[in-house]
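Here subunit A shows up in two complexes: once beside subunit B, once beside subunit C.
== the complex of A and B ==
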């Protein structure tokens, strides 16, 4: 089993869009032979301390932060379009980061 | 005709007697199969929905039972009639998704969307299937108030068409707020944005008379960071437990008084967290069907590029949404206590996520305007929540929240679409009571449409300006 990589996905209530991103990224990375686990949060609960415990931040679109994140921020909004071809570039970016960490 | 009804009754009678959770297990699974979702995925969705309905029923019972005696005492002690409990969005979503009619309204709205795409009346393909429940809620409420199914359906189609038009009108503003190119397809048909026309009236007044206040806009991200944990779900549960204990005259000189305060606070906090967890099961439950519908629609329109209608939070990265919600929470609590006609004590819906996204879109992120206009429109939400409470409570009991105490009422303080609920109410009563209600209903629908048309004109003007600014 490859090393587990942990990421955050965030949306409004931490239940809808973020869970769609979580499920999609986890499933696709598993398919590609990686071990990625994603936790879903409310955008407002993502702070510097929390983010430091993770390897990446999957956002839906531009996200205001009061600090400069030390981990990569990945625009994962395209996953929500439900059109597989549009989500592929997001998965590729995530995979590149995951490979770098493994 | 009677024969058909008899056959239907023999087939569906036992099914209906099964209760909401088993019915929805069967109905959701079958509908997902119709959209060619794999059997295991379809069944998974159906089971998750049944479990979510069961779970939320029980948590509602736990919360209402714990709070009911204290809230009665609160009313006796303060003389303020705040005896309806605010559950937040998740229980209301359950109640709505617990009705098979919701899937009927979903199918109708998918057909409306496809027709509008074919006729080139919109460029938005709505894939936010879960949030159909906002529209379905209005229709179910209208039915509860007396409207027949066809009239409730007509109302849903009317609001649905405007929602889709609105998603096109807002698209350039989304691009501006997210700083993305025109090729980005994100937009939203979310019900909360149907407050835009009304907010725009206030915004125009601001433009004319109070634009000087804009210079006091502050850094929202910094404010949110400072509030941090203090604005979290369970912290809010704790505050409310303490608040009700104080105002219900709990005797803090006794150990029992302290025990009762801690119990209330911890139960409220637990329920707030559980609602959110169970809420995610719901969305997971509808997920296979959502993908099935999206696959079907994209296949039908092979090659055409759309804007894609999503749930509202793709703009949740804008910190103003949260700063405004944070500041509005205590304001709402105060308003709730003095607002005539309101009976809801804010709890589950106190972080006004159903209110602030629309404020962001219309004011384009002017935080002072968002807060002031938000404070001015909140009474509409409280009144709509109070108005729908008997309906919500009855439906909750029907889907299995049998634990709700006899005299308790539940609802939601900041549910999207307050104006639509008033219209649903008027339309329902127009059918059942006739007379002056017909005038009210027709008048309400006419005003609603006129204000929307005015708003559409303003948004088109804005969109021309945004396009011109981009070219320069």
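== the complex of A and C ==
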């Protein structure tokens, strides 16, 4: 099994959008032969220290962060529509980052 | 004997949590719906304050133009699971279109005609509610969706969703 890559997905309540992104990214990366695990968080709980434990940050909206993350930030909101043409470019970006770390 | 209703006994919709609102502002519709949801014990007393705060900080408007330019926009207001008692989608037809900010592009304002308010006290447990809403919007024909969005009778809305919304 390839090396596990860990990412965060965050949304306002940490209940709906972040979990949808988590499920979608984990499933698509598994399909592409990668081992990606995503944790869902509330945006307000995402800080520099937390992000340092992860390999990437999947965001739903362009949220202003009070710090510059050291990990790649991936604009993943388009996945929410569940339209393949919108989701594929996001998955491709995630996969590029994953391949770079494996 | 005391009977208790557990959330597993119903699907994502219940007939007494479907609304048509004449509200003229976001605050008005949230207050109106929250009052009714508190009365039926679907949410906790502090639901209103939290759903308003969340909407202000992390808006939930969804631009439906990527699905079809002939559809009005919707919003999916919600808050953390600790303020709700059930796992439900609460449909709210807005007789007066209201402004919501776009969830993905928060600076952008959208005119919204229908709410799918999400009550979710179990984000991990079952099939993702938001994914099911998006599949419903993406897979139902535009004509049928527009029929739904034009309805002004809660029981007709409930019936339509029971027949057309595929629940995982």
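As a convention for this text, the second predicted complex is superposed on the first by the 102 of 102 C-alpha atoms of A that agree within 3 Å, B and C clash if a C-alpha of one lies under 4 Å from a C-alpha of the other, contacts with A are read in each partner's own complex, and residues count from 1 in each chain.
Simple rule for what comes next: contacts are C-beta pairs under 8 Å (C-beta built on N, C-alpha and C of every residue); 3 or more make two chains touch, one makes a residue touch a chain.
Worth saying up front: this structure is predicted, and the values here are computed from it rather than measured.
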Return fit or clash for subunit B versus subunit C, each positioned on subunit A through the superposition. clash
Is A:60 contacted by the first partner subunit B, the second partner subunit C, both or neither? both
Using the touch definition from the top, say if A:43 reaches subunit B (first), subunit C (second), both or neither. both
For A:80, decide between first (touching subunit B), second (touching subunit C), both and neither. both
Contacts for A:17 in the overlay, against subunit B (first) and subunit C (second): which applies, first, second, both or neither? both
Of the stretches 1-9, 73-81, 163-171 or 433-441 belonging to subunit B, the one that collides with subunit C: 163-171
In the superposed view, which residues of subunit A touch subunit B and also subunit C? 11-17, 19-20, 23, 40, 42-43, 60-62, 77, 80-83
Inside the complex, what are the residues of subunit C that reach subunit A? 54, 57-58, 60, 62, 66-67, 76, 78-81, 103-106, 118, 120, 123-124, 128-131, 134-135, 138
Subunit A - residues contacting subunit C, complex: 11-17, 19-20, 23-24, 40, 42-43, 60-62, 77-78, 80-83, 86
Going by the contact rule at the top, pick out the subunit A residues touching subunit B in the complex. 10-20, 23, 40, 42-45, 47, 59-67, 77, 80-83
What does subunit B use to touch subunit A in their complex? 89, 127, 130, 178-180, 185-186, 219-222, 224-225, 228, 231-232, 276, 279-280, 282-284, 287, 290-291, 294-295, 298, 308, 310-319, 321-322, 353, 357
